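Think of it as A, B, C and D in the order they're written, each chain with its own count starting at 1.
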């Protein structure tokens, strides 16, 4: 596998210019993610309403993979129900772990496609946690609500 | 003994010839291995010594009357003698075989520390320490309540000796310090620190993990009280390392782990313990590890320790030259003398991304906090990229590193 | 995989063919090795696996981004999976790599014991225990002040189950017992003991050093809380062993040794620790040892564990027959079932003299207290001679033993 | 080396029928020796007067080597000055350890010869401690006097 397959232009672009990259003043939910191995620290902010992700943003510093993954995640999560978000996480997690991907419901397939540039990570076991850090933080935020919490991966 | 090792004993050695002693490079041609600070590769002599031992002479040690066991015990004790000679210890009984530096420091903390430290006492470490020389002291501190003090680095990245001296006082019972910082390559003036410690009646433990494979170490000349190193960083097998301790100290120390071989007499009421080193080696030791380590020490001495030190210094100088001429590359400060290890950052490329891209160019380096998170925090870095040298590296490896860094810079350029 | 191992999987195996898998016997033709209880010999597959690993794939584990380190980490974690499967653990995270059974028990004592035991509590061991399952408990008892109780053997040399049951009460927090007594070969009904312990709310630790190489072990079926074994007695390398612990227990246990790889985050003030198993594996582990152990477990499973158990039982029966027909030879009592190990005395010949003379006849046995001094005291023996079996032994080895004993008897006859 | 070189007739004989094998009622000095490895336990009794070993005996159980060595030791030590006893121990110890034997003064050479049957022990490193146990206990007795002490070897 060529490095270029991992560092596709879209990854480099989201790594350099992450979308939805800002704090929220009054998130309904938020959480910190920390990967001590590479020092990546990320905070995910959520605005949930009626069981849907009304808004999502993030802040922090990290490697290109974790930053791009967080950025792409915020793009696909906007407007999703919690069940849809969970289905996307499960499919994405399986994809980067190289395990069997559960069937993705038809309406989510376009969103899942948008995460495809990260697929290359599965050939780099040491980097999988970079790609999943934001998602783990998202999950933790759902559980911890407006008080915040920290999830660590390594 | 390899040709490379033999010819090198006098006038330096040829790393390209040395490299041929290491089968990993034959089997992975093109790999540029710059991570010896994490663990060194093994010469064929070490690998074969371990196999030969299992094929010809293996049995458990110490208690067998029969020939194989006698032979095995002899080889194991010869390995202890070999390690004693390597460190110039006064007596082989001052050498305790442990899994590695981590277990060695834990042994000192749990045996000497638990018996001698009390609330109000102070233990001094430095900001340059590896987690192995931080966390065990914290665990015992949380139980006993002594104070763990930390000598800071100065702006150059070396230990601030004036502050260190001021932190050693009458309450200081132990000064535990690395001889060569694994995260930055800063060489620490441990001789001076040991003198300062002794002047105030404190003991000194030296973490020799990175120094012992790279330079001459004489524990009697240093006059340190404890010294630890890991075999796997000395071109030896995994699972073995050495704790050196002054005999008089070891003799007063209570056992730590309990089990076979470390006891003189056991009843259900009371147990009496062996003299050192047996007192501290509970259970069946890593026999083949010790024997392989002895062969690794032979290999090092055959190359010549001064020759190795000169080689590491040359590579370090060359690497400093190459990296500091590269735009966007910044060496992490490492005090007065940087030795064997180069820790650096590249603008706009996260160390983790950099390491992945270097790997694609067959350049193996380490990225991260190097088990020295507090130092990283102090330097306000989340992580660095680290290249470290062994006897098999040469200047072309550094050129390959530089070329791969350039490729990463191009990829990440806006 | 050897021919012997392959063909043996179904219908038992031929120990003469198995013997050819072990280079030590080719290199020491004529040696009758009857000391596998002290440590087993290694098949070529294990020896070669370790060499191959160093020659092709070596690097430090866990933190490297580059290919060799990723591969090394993968092999190390695969070894953990292998050990989990071997013991039928519910999850690989329940497997902690240690130096051997001794370190495994010390870990439980220093981590679980120090955190959970207090004055007034009771820990129950038995008279059959190896020093490794006595001394660590004594060391902690002397610090904390709990009571160490000892379940006695009965006249047959087995555990007196009625007394044992009466010794487990509401204060009992831990019952730590060997599955197979190394000094006598007594097989202990650990299933029943674990049930008794649990019925009173105590935990159960099983010392599987002698049982694990000889019979099927299923920690979930046993329902034990901790289980330990040593790799070097399982035809694996020295320096490696396994502590199994139930996940829920491990998760609550504080760390013991401190260092790299067992921490999540370190500052000089406070350190947060990893989940098990990493929390308990401080420092660089014995990577090649773990990988070699996995190959040894493959070897055992290829021979077939039921086939091995049948083989050991056959040899034991044959040995009992031969020795008990010899005048002046007395087997040490070993309860209801003697398995894999024969401990005996010869009238008029001290065990130590006997072992020396047997060695002259190329028969390797062990003489002494077998790290079970309290048991020897109870049996009123200073020492015994012990013959123990491995997969490479056959009945001729026992015949050689008998012939050599006869020679010693002749020499020492008045 | 043949076992017979270790278990010479004289060793077997002293092992079976040790000389000076009895306790003393009122020794001026005594000590216990213990080799936990093989379970050997020996007690050495001394009657010292005018700097000489007036009498010496022992008791205990042990292997043939340790018993024969104790027996032969009692034979050669009787009547010796402490300096002579020490010279014999040093020479004997070197002999069984296989290290360089210090010169033995002319008048002691016959006695040293009488210990020669134990020389074979040097080919059996695991058994050297059996051969030296009694001597170590003798040395300990000299130091501890009539209160007794225990020396352990392993």
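Methods note: contacts are C-beta pairs under 8 Å (C-beta built on N, C-alpha and C of every residue); 3 or more make two chains touch, one makes a residue touch a chain.
Because the structure is a prediction, the values reported are computed rather than measured.
Undergrad: Using the average of all C-alpha atoms in each chain as its centre, how far is it in Å between subunit A and subunit B?
TA: 39
Undergrad: Find the geometric centre of each of subunit B and subunit D from their Cα atoms only, then give the gap between the two centres in Å, rounded to an integer.
TA: Once rounded, the distance between the two centres reads 46 Å.
Undergrad: Round to the nearest whole Å and give the separation of the Cα centres of subunit A and subunit D.
TA: One centre to the other, that is 79 Å.
Undergrad: Note the residues in subunit D that touch 2 or more other chains, in rising order.
TA: 36-37, 124, 126-127
Undergrad: Scan subunit B for residues touching two or more other chains and write them down.
TA: If we look for residues of subunit B contacting two or more partner chains, we find 63-65, 69, 265, 352, 356, 367-368, 373.
Undergrad: How are the chains arranged in terms of who touches whom: line, ring, star, complete or other?
TA: The chain contacts form none of line, ring, star or complete graph.
Undergrad: Sort out which chains touch which and give me every pair.
TA: Every touching chain pair, ordered by label, is A-B, A-C, B-C, B-D, C-D.
Undergrad: Under the stated contact criterion, what part of subunit B meets subunit A in this complex?
TA: It is residues 350-353, 356-357, 360, 367-369, 373, 376, 381-383, 411-412, 414 of subunit B that touch subunit A.
Undergrad: Give every residue of subunit B touching subunit C within the complex, in rising order.
TA: Against subunit C, subunit B makes touches at 23-24, 27-28, 31, 33, 35, 38-39, 41-42, 46-48, 50-51, 54-56, 58-60, 63-69, 99-103, 105-106, 109-110, 130-132, 134-139, 148, 150, 230, 232, 237-240, 255, 257-263, 265-268, 270-271, 282-289, 352, 355-356, 358-359, 363-368, 371, 373-374, 377.
Undergrad: List the residues on subunit A that touch subunit C in their complex, please.
TA: Listed in rising order, the residues of subunit A that touch subunit C are 34, 36-37, 124-127, 152, 154.
Undergrad: So in the complex, which bits of subunit D are touching subunit C?
TA: Checking each residue of subunit D against subunit C gives 2-3, 6-7, 12, 16, 36-41, 61-65, 124, 126-127, 130.
Undergrad: Where on subunit B does subunit D make contact in their complex?
TA: The contact residues of subunit B facing subunit D are 63-65, 69-70, 73-74, 264-265, 272, 274.
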